[in-house]
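Shared between the two complexes below is chain A, which pairs with chain B and chain C, respectively.
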Partner chain A sequence: MVDIEKANQYVCEQFMEARPVVVSMGKAIEVVPGMHENMLLHAGPPVTWERMAGPMRGAMIGALLFERKAKTPEEAEAMLKSGKFEFAPCHDHMCTGPMAGVISPSMLCYIVENKTHNIKCYSNLNEGRGKVLRMGAYSQDVLDKLYWMESVLGPTVKAALEASGGIDIRAILSKALHMGDDGHNRLDAASILYTTQLAPYIAKVAKDTQTAFDVIKFLGENALSILNPVMAACKTMTAAGENVEGSTIVTIMARNGTDFGIRVSGLGDRWFTAPAPHVKALYFPGFTEKDANPDIGDSTITETAGIGGFAMATAPAIVTFISGTPQDAIKTTLDMYEITYAEHKYFTIPFLDFRGTPTGIDIRKVIEKQLPPRVNTGVAHKDPGVGQVGAGVVSAPMKVFEDALVAFAEKYGF
Partner chain B sequence: MVDIEKANQYVCEQFMEARPVVVSMGKAIEVVPGMHENMLLHAGPPVTWERMAGPMRGAMIGALLFERKAKTPEEAEAMLKSGKFEFAPCHDHMCTGPMAGVISPSMLCYIVENKTHNIKCYSNLNEGRGKVLRMGAYSQDVLDKLYWMESVLGPTVKAALEASGGIDIRAILSKALHMGDDGHNRLDAASILYTTQLAPYIAKVAKDTQTAFDVIKFLGENALSILNPVMAACKTMTAAGENVEGSTIVTIMARNGTDFGIRVSGLGDRWFTAPAPHVKALYFPGFTEKDANPDIGDSTITETAGIGGFAMATAPAIVTFISGTPQDAIKTTLDMYEITYAEHKYFTIPFLDFRGTPTGIDIRKVIEKQLPPRVNTGVAHKDPGVGQVGAGVVSAPMKVFEDALVAFAEKYGF
Partner chain C sequence: MTVIQTQIRSGVYYDSAKLMQLQRQLSDLPGIQDAGVVMGTESNKELLSHIGLVSPEMQSAKPDDLVIIVKADDEKAAETALSRVDELLAARKSTLDQEYLPHSIEAAAQMLPGASWVLVSVAGRYAAGVARDALRLGKHVFLFSDNVSVEDEIDLKQKARELGLLVMGPDCGTAMIGGAGLGFANKIRRGPIGVVAAAGTGLQQVTSRIHQLGSGITHGIGTGGRDLSEKVGAITFLMGLDVFVRDPDTKVIVLVSKPPAPKVAEEVIKVARKAGKPVVISFVGRAVTTRQDGNLYFATGMDDAASLAVELANHPPKLETDNELNLNRFAAGQKFFRGLFSGGTLAYEAQHILADYVPKVWANAPINKENKLPNSMVSQEHCIVDLGEDEFTVGRLHPMMDNELRIRRLMEEANDPTVAVIMLDVVIGYGSHPDPASELAPAIAEAIANARKAGRHLEVVCVVTGTDEDPQNFDSQIRQLKQAGAFVDASNEVVVRRAGRILRALAESGSETGITGTPVNLDTLKKPLEAINVGLESFAENLKAQGVPTVHVDWKPVAGGNEKLASILERMKKQS
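On to the complex of A and B.
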């Protein structure tokens, strides 16, 4: 008979004691386990080209243009349909990607090391808000920015990271949660903490002062600069709690724009999926919910690790971006305590008298309380080639937790 | 018959519509109005050497050592006693100085321009926390840091400010109040927003990459980097509301460590003073309230302008530094609405549904509600030469408001 309580306690300890540090960068093909020349990683659970959502198709097309494997979007689409490329979830390769989450072989990736458990995870570079590859856009200006990121931003940040000895992401998140960030959609404080820590080294290692100027300015003005290293950091936390016999704690929540999927520690690598829900959002001028793709992206790894939507009580200003009121934000956090196993040791909420964030989603509690995890997220246009149209809040589909609990009962004989 | 309501409304509009931008730096003797070779500015209302508090005496001694006018603390003290030097309040020279607030002729000062009203105010550079001149310390390491600030930090930041076209302090404060800052003792977010905006220019203008590294690192690691420009910025706001006939709004609150003083818009340049109160504080290890000097510094210009202690509801994490609970912080802000005339247009508190901060202390309301303004502050050791011993909260003495209201009644014939 497995001891579920003991297993869950161990898993949550693993989540919390992970100490992720972003140490360097490398091209995906050189650093990501299992990556090959014809592999394209994407967010969420597995998906075929036929079932793939518009923004993910757009990002795939953009990736082939970026890789110079195709010259036109039409050529790229034909190649993607042909079966020549292997599509695989980021999560199966120790990666995480925001929104479409497409990572192609020559893209630079952050390398984040969990120093406690010696686990490495990866994520690509953040392009900023608006018309960007991760939202499904692939116009020439999108590609030009990616080439600049590849040739100027990336190498400079890589050299600065190495010169700095690495940046402790858990320490930054601990501070940022006291500075109005939720750790997912609002990373204003964390991104400038990151920029401020890196900037002295960028000034030192950049190939010239103009490069230093451009790189520091880009990082400092992008309120999501740190999103990708944060996601890889959260994956190093939850990966430390994977595959623990008897644990009912969720180790991955991820969406590909078609399906919402979870994995559960005691159930190994099996995905439990359901149709991705629509997001309750604030839309940018000129867009409405008719333009919106369903929920997409690996960024829900933040909620899985105990921050993001779960920590919204500490980030009331986020409602200007994702809709709702400060009271809604507080209520979300209070609700999430109902379905989590632990309160975080290092991530705390001053307004709730420094209570730890709700950490470790327990599928039993989700079912018992009939309360699905709530996350906050960006919203991509449903068609390839457009980009972001808004941001909002969404609840995970109950079906994935129901299916997981049935599978848990079958496996462990309850 | 003066229209007090109209006068107060005008004063508060002036406070709020001021748009202070830090544009450059210059030596005090070259930029501060009325400064001369034998003048030493200090925080708070006027004070003689005989009545001067320990930390202010310490800072005066340090200033003469820094200026190389004295070779030893003993020699400096003899010169200060001799009557050779003119002591004058910072506020009488369009300056503000934190804690002892000592500004000597060759010190570099920030130049902050209120672009709306074309008013310039000044403040010295921030040394960081701990053993520093503004807390009354003057040992060789304190002086060495000041020389580095004078010769390396200052000139580099000055060049960067000029290259940047100036940094908008009101815009930074608006953001920082949504990032856990109160704008006075907690400036963690504002200081890195400031560093992040300046860093690209520092990288570009610094004389070499090591200088760029050192300067960005110093600014980024000092959570009070922006305190002095913020204080000068707040003075440009309140100065825009000075000398308005019939207004009962406070335009200055300042303490010299011996006396707490205020000025009131409708009462011109007259100081109303009372003994400086003791601070309810959290002390650093090794110190107790027996070591503490009474309340000192010009930094209460932040509360006068509607932030700092008045905005604590938006900065719950500050209680780890100044004592109390998040509930105390919220209560302080709610209380301050009782004694202020306006709610700020640009400084808002997400947790109170984006309500504007309490702005413009009305001496009538202070007396009517028997509720003195509350401020938060650092605490200096009472002896010269030691430095900071803690931080906490303090209420202004009621007497200054009582005396001001009597003077107001006499002047305006109520």
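On to the complex of A and C.
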């Protein structure tokens, strides 16, 4: 009979001991395992074009326009419908993508290396807030920004990263959690720390001062600059705990805007899915919940690794998203301790006497206590081409944990 | 007529989420159609224009400016809304001292690591599961819930006994631990009396009376009403008794029970006899045949139990122990009683009293027909022979006048290696033999000597009925019998009970009746009570009112009551 406790302890230990460092960048087709010319990666569990949510369809259309494979959105849509392209989850290719999470072959990706386990994960570059591809927008200004990122931002940051010898994401997150970040929805401090560490090298490697100015300004003004490398970093942590016999720890939580899916360490590569829930959110001017797409994105990898919604007690400013009080943030974190297996060694919460963040979601505890994981997230417009409409919090659907528990019982004979 | 009003604030910083919240609150105000609260960046201004929230002030705002813009039905609504901005920005929903309610005993135990007790008052079908969780975490359980199956009760109590933990209940209404009341309980002074009760209101009645009589209790341990049933076998009751036996602060123990299963009651009494402390027993429905038996005091009711206990606490008695019986003098195999009586009533009373000590006494003139000795001439097991019965007096004088037959029988019984105690009655006075001791005493001495030669100790006990004014000389009779080595007393009861104690002690010397499992750690009862409460919130409030640190659990049925999932979880827990 398997020893669940021992397996879970091992998995959580791998999560925590992983030391992700962002080392460089490369084109997806060159660095992402299994990527090919006609592959388009997306957030969440597998999904077909027919079932694909609006913002993800928009991002797919934008990706083909960006790749110059289609000239018009209509042409792109026809190509996507035709079955010519293979849609695959980012997670199946060691990638993570925020919101729609679309990564196409020629997009630049961060390379994040877990130095402890020698695992590499990838994520694309963050475009900032507003009308962006990851929210399903594909207008010309969106594409123009992508081309600028492709030709100016990316090469400069890549050179700076290589010149710096790599930036330790776990160290940045540890500090940022003490500066009001949750590590998912609020990354103001981490993005500044990242920019500060990178700026001298950008100044050194940029081809001219204007480029250095533009790149540093872009990174510094975008409070989500570091989101994508953080997500890839979290993926290198949880990937180190995948496929451990007998473990009930969740290694992936991800949404594609249609389904919410999880994977469990002791249950291999099997996805457990349920309809993606709606986010309890505050909306930008002019938008309401009627405009909102259901929950979407791979960014829940942060909660899976023990930060984000789970670390809310250290980021009380976030609770205003749900009209809450700082006490609600503390309550959320305390609740998450009840469904996790470990307390993080390196991510701590000053307010709770530097207690480690709740780490390693245990499906047994989620079911027993009927406490679903809490996630902090952005909200995309349900139609392609519009973009972000708000931000808020959402609870994972219980069904995925129920199905996983039943499967676990079947596999291990409980 | 739609109006748009704008407020610009420079040099202020609010979290963007806070601004979005304000925006929503403004939109919700009466007469407001839409609102925008943003920093005056180009992209934000574009966004506002896009949805028709345009004004000259807004268009000239700088990126550092906070733009608050409302579209309203009329000017008044717009002005009112804008006038409330400061108030809305300052508003807080609740206070910070609100306490966190954990969702599990496990989390509660982390919040209150000193808690040794878990109170469980959830619906019956969930109660056993919650109690099991508490035991897994090493906590004593006060199980108030009813409708828990007897199978679950047995399982819980057996587990608890292995772990050295108490499961008080199910259906346990009352307990008092270290001066604090759990469930329904009275405010009882602390003192030297420990009470174990398979009776909720019984515990309240007895402890209240103890308090009224000026004394107090160490603890009141409830067990639930079914503990003394044959199925449960008094598991918690015996553990509670053991706690008080070992607790140096408890000087007197009181045992209270609703009508117990007779077999279980006798088992409990057997254990209580070894307490080494006075034990007052009040079992509803159990006939009281004697007031005192060694360290045991049998009360006629709960009120009597309370007064007895207080009296014993105030004036500690000197307790007889089995040591003075010198049991090691007896050889292995010696266990039976033989009573050779001349007096019929004395013989009857002896049968009756001995029934308190041994399972069955045969007799030629029995109290019950099923105890009839098959052959009066041949003794078996424990037996009492009345030699004044007809079968012995045909053609012979009554044994009060003629000792010959009794002496012969005495010598026979003395040679039986299974016999431990022989009892004789010596009735003097007018009509009796002029000096019975002069014949009986030498025979007794010889019988004892024969036994000793055979490597045994024979205990001969005699009751002498008569007065100092009788012709035979009462004192001389006693003296002669004592010199022969007999135990002598003028009270039939005293003599029979001494014999009974020897017989019972010999019977029990082979079978140890001590507690199985792990003894309860007394420190967990002694230290100030801290508790975790699952179920009725009022129990937590009551404990807090008594100054007991308490964490209330925001409990929900495991897996939301989904039985399939709950049983998977339970199986997984059993594995680990």
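The rule is simple: the second predicted complex is superposed on the first by the 410 of 414 C-alpha atoms of A that agree within 3 Å, B and C clash if a C-alpha of one lies under 4 Å from a C-alpha of the other, contacts with A are read in each partner's own complex, and residues count from 1 in each chain.
Simple rule for what comes next: a contact is a pair of C-beta atoms (placed from the backbone, for glycine too) under 8 Å apart; a residue touches a chain by one contact, two chains touch by 3 or more.
Only a predicted model underlies this, so the values are computations on that prediction, with no experimental measurement involved.
S.K.: Answer with first, second, both or neither: which of chain B and chain C does A:Phe351 touch in the superposed model?
M.R.: In the superposition, A:Phe351 contacts chain B only.
S.K.: Go through the superposed model and pick first if A:Val406 touches only chain B, second if only chain C, both, or neither.
M.R.: A:Val406 contacts chain C only, not chain B.
S.K.: Looking at the overlay, what does A:Ala274 touch: chain B (first), chain C (second), both, or neither?
M.R.: neither
S.K.: Figure out whether A:Glu368 sits in contact with chain B (first) or chain C (second), or with both, or with neither.
M.R.: Only chain C is touched by A:Glu368; chain B is not.
S.K.: Looking at A:Ala317, would you say it contacts chain B, chain C, both, or neither? Reply first, second, both or neither.
M.R.: A:Ala317: touches chain B and chain C.
S.K.: State whether A:Pro326 touches chain B only (first), chain C only (second), both chains, or neither.
M.R.: Once the two structures are laid over each other on A, A:Pro326 reaches both partners.
S.K.: Where on chain A do the contacts with chain B and the contacts with chain C coincide?
M.R.: 317, 325-326
S.K.: State the interface residues of chain A toward chain C in the complex, per the touch definition above.
M.R.: 1, 3-5, 130, 282-286, 317-318, 320-321, 323-327, 330-331, 334-335, 337-338, 364, 367-371, 390-391, 398, 402, 405-406, 409, 414
S.K.: Quick one: which bits of chain B touch chain A in the complex? Just the residue numbers, please.
M.R.: On the chain B side, the touching residues are 175, 178-181, 188-189, 192-193, 195-197, 199-204, 206, 209-210, 212-214, 216-217, 220, 316-317, 319, 325-326, 350-351, 353-354.
S.K.: Under the touch definition given earlier, write down the residues of chain C that touch chain A in their complex.
M.R.: 15, 17-18, 20-21, 23-24, 34-38, 43, 47-48, 50-51, 53, 92-96, 98, 100, 102-104, 106-107, 110, 556, 558-560, 562, 564-566, 568-569, 571-572, 575-576
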